[in-house]
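Please go over the structures that come below.
Both complexes below contain subunit A, partnered by subunit B and then by subunit C.
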Partner chain A sequence: MKEMNILYISVFLPLIVGFLMLFLPNKIKSVSRALTFIISVVTFVLGIKIFTGGESDYILPILQLGESLGGLELELMLTVKPLGAFILMFAMGFGLLITLYSLKSVGANTKRINEYYGAILLTIGGTAGILLSDHLLFLLVFWEIVTVSLYILITTGGNKSNFAATKSFAMIGASDAAFMLGVFMIWKLSGTFVISNIDLATNSTLSIIAFLLLMTAAITKAGALPLHTWVPTSGEYAPVSAMALLPAAIDKLLGIYLLVIVVREIFDIQPGALTVVLSIIGSATIVIAVMVAMVQHNLKKLLSYHAISQVGYMILGIATCTPVGIAGGIFHMLNNAIYKCCLFLCGGAVEQASGTAELDKLGGLGNKMSITFTTCLIAALSISGIPPLNGFVSKWMIYQGVIKMGTQQTGGTAGFWPIWLTCAMFGSALTLASFVKLIHSIFLSRLPDKLKDVKEVSPFMTVPMVVLASLCVFFGVFYHVPLKLFIYPALGIEPGSAIFGTWMSGLSTILLIIGIGLGLLIWLFAKLSKNVRIVPTWTCGEVQSNESMRIPGTHFYKTVSRMSGLKQLYSGQEKGYFDPYDQGGKAGLGLTAFLKWLHSGVLPVYLTWVVLGLLIIIFVICKVQ
Partner chain B sequence: MTEALQNIFWILVFPGFVFTIVLGLVACWIVRKVSALVQWRVGPPLFQPFYDVMKLMGKETLIPQDGQRAVFIAAPIVGLAGVLLLSTMLWRTTITQNDFVGDIIVAIYLMILPSLALILGSSASASPHASIGTSREMKLVMGYELPLVLAFIIVIIKTGGQLSLAEITKFTPALSISGMLAFLVSLLCIQAKLGFVPFDIAESETEIASGLIMEYSGPLLAVWKMMQAMMLVALPLFLVMVFLGGFGTTAGWPLVWGIGKYVLVLVLIILIKNTNPRVRIDQAMKFFWVYCGIALAIAIILASIGSYYDINWL
Partner chain C sequence: MSIPLPLFIAVPLIIAFVLPMFGRKGKAVATALANMVTISLLVFAVASIGKTEVYEIGKWSIPLGINLVLDGLSSLLLLAINVVAAAAMLFSIKYMEQYTAKTKYLSLFLLMVAGMNGVVLSGDIFNLFVFLEIASLASYALVGFGCDHEELEASFKYMVLGSIASVFILFAIALIYGNTGTLNMAYISKAIQNSGLNAGLTFALAMFMAGFGLKAALVPFHAWLPDAHPSAPAPISAMLSGVLIKALGVYSLARIIFNVFGVSVAVGWVLITLGVLSMVVGVFLAVGQWDFKRLLAYHSISQMGYVILGLGIGALILANNGKVEWAAMAILGGMFHLVNHAVFKSLLFLTSGSVEMSTGTRQLKELGGLAEKLPFTRATCTVASASIAGIPPFNGFWSKMILVIASVQAGFLWLAAVTVIVSLVTLISFLKIQRYVFLGELPENLRQTKENKGFMLIAMVFLACLCLLMGSLVLVPGLKESILEPAVKVLTDGLNYSANIIPKL
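Now for the complex of A and B:
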């Protein structure tokens, strides 16, 4: 009985409180802050308890229709499953860290504090609901709650954020409609909404369509191509902490969670045409998004495009259908949530301290904000897959999955693996390039005159960043620990059977430290011989002002964006040619213009339409009989 | 305990720091001597690279006042540690025929560390010349990473999905058309990784006054020189292991063979270095992405056909 209560509380306590908080007057800010913080701590503790408590379930009957009405039974089924439970624990952790960060970061520039915190609680509750429900209809309801709270969170970002919020809501909402349609198709095929009872094969047209619909919902939430465009738009205008919570962390967890459920539990996807579709989406997402990210001038937009690019690795890992690939995909989901969240928080700290997110106005902050710099550097190296950090391990596992798929599976579709592997490994180098630009432009290079008085942000903001950066290091060096604790049990993989490459991360870290020690000895030698002098920058004798010597990283990759072939693609992307939202908007305007043209107000025209319609109806009725 | 001591011996003495640095400085001397012979000069004595490093150790260290000091000092040290790990890993694998530390993917990723260290170090030095060097070095990394990945895929196809370096050395992919193409392109990538002409764009002394390492002096510059010397050992060795079948298992003739292969790769690199002018960065990127990319894409198709129909020479 006690365990049942835990599940119930972790879903409905944040939901109810969050909903009420939306209507609180803004004068009592401190109450909502304290309440949100307390509840996020409580849900995090509950999340740990649920994870350590093992499998259990809780059923609450809600609706029972008689036989005459189809015998529909509706029960709220909350079930703890290994996959959901470990994601739940981390999602609650992210919720807590973001709440802590928000205490100092939100407030100065928004008047809608209570709505912000209410939406955060709604997100936490909705996430718990999604990860615990075993009933597709309730999953859908909680899924919608998270969508709505994303909308509210983005709108708290200020004047221009309404457009971004509408765009996100329209795109995710449309994909949610696809989700709903897919759920009903599954009900038609299997006769049940309970996920653990469904096991479909993709052999009929209807089941393939259902799979594609559910996949669309999952990848839109996670932010993969081609339905990714809501992420950068909202990244520009939404509060950074909201970006760090939803698109960077929780939306990834949820989208990939749904994809895994769909691929492994609802359907039993075998290597074939559908996995090729997934691989194409994955590889294209990796390369295209990172190519766009590379040329961005705005810190938040750059980070948003990377949030998209990394989804590609997860989808690719899942598409390999090999244990090591899927485990790598899930591990990458977790790692990405950690370092991406950290990067957004660092970005927010930089923006708050310096007052701008434009890369060419920043520079040289490494000396002023050393904690932010260190955490940002660790997260940036991690996302670029530099050993021995966590991003490397999960990418390494995904590569193994692709290689294993290519060399061990037979059949025509496996032969494309060189393309997927090239995209994944090359994308990693491009990610590094993009983050070198970011680190150079913000923290290294030279300090602009305007930013002389910048100071490190408050500990409320640095603590979450430090926690996340330490997790990056820990999960990288001791990667067996998270794999054995979380990933393998969640997927039912025998530990030790999946990975076939070699990476002794612990040993190599020790050896690296010894090497660094050796280098430090050389440095100490120089220092002790008192031969160190601090001098101004060598400018070959010319007298230069500080501003004229600043070279921000925004023009680093002009060589790439000016390459013939790529140039046209970049300019098309800039104009929104590849944005389904923009193109959909144009198509919608075209349709309404056509309807306007039809409604000319002339009676005979209307009469003609009526008669035509009547004729068609009569024809159909006669045909049926 | 003994294992820990053994590990420390490996990283510090053989085949780690002492061995690699000595071999690297000798390789440096070979580079300079052969270059001199190509240019009809006498060239330096065998110990010249040692003298250079020792002299730098005794010189003054200048630190730019506007730079990020911690990164400026840490970058060469981390780069050195990265190459040291790579070199130890490759030699240990060659000697014991067992994977040590990591597989081929790990090796490819460790090879990025020295470039990354150079980039961060130069970026931290707050010099406009160095910033240009940073940008060029990063673009160069982007450029050669694509053909390197494609070459890696050819190796994987040729060895039937092996990741272990020890297993890969039992094959000789260079004895086929696709493998040979991959080897030649990788050679050019190594050339760029070493920062040799025609790909010394990031350092180009005459143009941006050694860009990347412009602000470095004294012992820190010596660390960079040592790192480059060690790369001269590790990177050709990687090519020998992956494409040319490695050193073999026992002492005696296989050892001579192995050293012969290493010297062959080194001399090829030196000859390319001495017979080409420096290219611009956009030319280099186009060369790697378009020409090398297309060549290796064809090679991958050939290799796939070869592995499907069991034709080994394709």
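Now for the complex of A and C:
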């Protein structure tokens, strides 16, 4: 009985309170803050309890149409499963950290603060619902709740956010529609909505379409190509904490969770045409998104494109269909959520402290904001896959998965494994390149005059960043711990069967530390020997302003975007030629324009329609009867 | 306690003729009286839930006399009509102060209500036509109530097309009378069962479908609606879109097809085609509109498509002798969507009225950033938008879901796909409303905008709460059996209608 209550509370307490909070008048601000904080702590504790408590379930009948009305019965089934439970625990953790961060970061500029906190709670509750639900239809309901809360969160980002919010909701809403259709197709095929009871083979047209529809929903939420365009648009205008919570962390967890469920539980995907599709999406996402990220000038937009690029690794890992690849994909999902969330929070701290997110207006903040700098550096190294941090471990596992697929499997996607591997490694290198630009532009180059008075942000904001950065280090050095505790049990993999290579993180960490220590010694030695004279640069007596001596990092990779061939692609991308939202919108407006043209407003035309309609009805009815 | 059925018609009809006598000075009294009428009608409607009754006017026994019939379907419609009428009347108290001749407005309003109540209660087809004309004529006048150029044009178009529909219907009634010798629907149904359909009756059925289809604004008979509904004052738009097209169009269509003529495969397919056409054409026209109320009006066409689609799938299954439960589920989806649409669409029109009253415009491009200026209007509008777009847990989600499940169950995956896609476009067009009306930059000239308080607010909040709670009509066991299930049963029973109404036949 007690177990049941935990599941129920962790879903419905945040949902109900969050929903009511949306309608609170704006004057009562402190209540919603305190309440959100308390509930996020409660759900985090419950998340840990659910994870440690083992399997349990809770069934609540929702809709029962009697026999006379088709006998449809829908039950809300909350079930604890290893995969969902561990993701749930981390998702609740992110919820708590973001709430903590928001206490200071959201305030002065946000006018509809109750809506913000209400949406945070809706996100938490909806996420819990998705991860616990064993009923596809209710999973869809919770899925939509998370979509709606993303929309609300983006709209709180100021006057210009309305376009971004609309675009995000429209695109994710479209994928939700695909999800819904897919769910009903599965229901038609298997006769049940209960995930545990479904096991379909992809051998008929209908089941392949159903798989593709569900896959569309998963990759749109996670933000993979070609349905990723809502992420950068919202990244530019949404409050940065909202970006850190949803597109950076929870949307990734949910999208990849759904993909794993679809690939492993609902369908039984074997290597073949469908895994080729997944691999192509994965590799293309890695490379293309990172290429776009490199040339961005806006901090938040740059991070958004990286959030897209990293999804490619997870999808590629899952597409390998090897234990190590899938485990790597899931581990990368977790790692990515950690460092990407941290990066967004750092970006938010920088933006709040300096008042801008444009890279060429920033610089030299390393000394002023040392905590932000350190955490951001760790996260940036981690996302670039530098050992011994966590991003390296999971990428390493994914590479291994790809190689293993190439050597062990035949047919399908396996034959192309060098291509996938090249894309993945190349993407990783480009990621490092673009973070070099980011770190340089924000923290290292010369401090602009305007930012002389910048101070480190409040502990409410630094604590979440520090926690996340420490997790990056911990999961990298002691990678066995999360793998054994979370990943292997979640996937039902024997620890022995997915073990990889001869990577000894402990030894290499020690070596790395020794190396850095030696470097420090040399530096100290040079500094103490006092044979070096430090004088200002000689400028022939001419006084140079500080601004003219700054070298912002925004032009680091300008040559790439000017390369012929790439140049056209970049400009097309800027204009939205590859954006399904823009193109879909144009097609829809074309249809609307045609229909409007038909509705001329002339009465005789309308009369003609009526008469024609009558004639057709008469013809059909009289002819058939 | 049993409510005498004629009260539903007599009370508004009599008060409608009394009201103009109050003149300009007695405006407040007239308003209060009109509100009392609509609220007591709502109470009557709630009290009549779950009853089946036949009332013979003047104790003249049928077929000589006229009868009023209350069954599950009628009481569902009565409830919808009177809920919306009560809310719209409450909203009118302050809103209609902008217009002159308020007492005439009130009188026309009550006439329209009397007509609609008459349509859904009437047991014989000629009286149905009479009440339909009362409601229609009142609505022609109300559409042109503002007396501006555009409003009069819209009213004229509406009147021409509406009269043509009336001619179709009257002609069909004449054909029926000629072929069966009776006007009572139960007797007609019996006669058709005994002797089968002949060419004249089939022709009459087609005329009915076109005529009621026009009243229900189904594509291609919809052209009057996008002009007429936005031109009317907001509470009247709410009445027209919320209930008039349903009572006059969908209800009559369903009654005639299911209970009088009986379903056939051809009719089922015609309904499905009309439904799909309306859904698709309506929604794509809606998404391109820049006039707040016009956008909403096009959505009425699209949403009526859902209702007709549900009825069509049900009719097709019944005609093919398929599983009655599956047909029942499709019809349930349609009927549930009908009442849901009545609530959220009338709420949307009321909120558009509130925005128009506060800002003086309803052009989306001239609005913006009103979320903080009009918090209540925004909240209620958002609730209604979420309902119409089918976002859980609001009412529209449940009805659309039942409709989609029913069409998948019946094997029409493509219909399910159309439903879902139309729903997506609906969502996008309401995101557009949010984006241009309530979010974004507040224009300079709207800085002084004030929220509408008082009765307007009460009416909107009342309907918004209904949007949230109406999911319980299918979710809560007791409510489902007493409100929706009887209505569905009336339709799935089909031709047993005559035996249910007049057992001795």
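To be clear about the criterion, the second predicted complex is superposed on the first by the 568 of 625 C-alpha atoms of A that agree within 3 Å, B and C clash if a C-alpha of one lies under 4 Å from a C-alpha of the other, contacts with A are read in each partner's own complex, and residues count from 1 in each chain.
To be clear about the criterion, a residue touches a chain if its C-beta (ideal position, glycine included) is under 8 Å from a C-beta of that chain, and two chains touch if they have at least 3 such contacts.
From a predicted model like this one, the values you see are computed outputs, not experimental measurements.
In the superposed model, A:A526 lies in contact with subunit B only, and not with subunit C. Judged by the touch definition given at the top, the superposed model places A:K104 against neither subunit B nor subunit C. By the touch criterion defined above, A:P387 lies against subunit B but remains apart from subunit C after alignment on the C-alpha atoms of chain A. By the document's definition of touching, of the two partners only subunit B reaches A:H440; subunit C does not.
In the overlay built on the shared chain, the residue A:M504 is in contact with subunit B alone; subunit C does not reach it. Of the two partner chains, neither subunit B nor subunit C is touched by A:K49. Within subunit A, no residue touches subunit B in one complex and subunit C in the other.
In the complex of the two chains, the subunit A residues touching subunit B come out as 364, 366-367, 370, 373, 381, 385-387, 392, 396, 399-400, 403-404, 406-408, 415, 418, 421-422, 425-426, 429-430, 432-433, 436-437, 439-440, 443-447, 500-504, 507-508, 510-516, 518-520, 522-523, 525-526, 529, 531-540, 546, 549-551, 553, 555-557, 559-560, 562-563. For subunit B in complex with subunit A, the touching residues are 7-8, 11-12, 17, 57-71, 73, 76-78, 80-82, 84-85, 88-89, 99-103, 105-106, 108-110, 112-113, 116, 119-120, 123-128, 131-132, 134-135, 138-139, 141-142, 145-146, 149-150, 152-153, 156-157, 160-161, 163-164, 209, 214-215, 218-220, 222-223, 281-282, 285-286, 300, 304.
The touching residues of subunit A, counted against subunit C in their complex, run 23, 25-26, 62-72, 111-112, 137, 141, 144-145, 148, 151, 155, 159-163, 165-166, 169-170, 173-174, 177, 180-181, 184-185, 187-188, 206, 588-589, 591-593, 595-596, 599, 601, 603, 605-607, 609-610, 612-614, 617-618, 620-625. Remark: subunit C residues 157, 160-161, 164, 168, 197, 199, 202-203, 205-207, 209-210, 213-214, 220-221, 223-224, 226-227, 264-267, 269-270, 281, 284-285, 287-288, 324-326, 328-329, 332, 369, 371-372, 375, 379, 386, 391-393, 397-398, 401-402, 404-406, 408-409, 413, 416-417, 420-421, 423-425, 427-428, 431-432, 434-435, 439-441, 474-475, 477, 480-481, 485, 488-489 touch subunit A in the complex.
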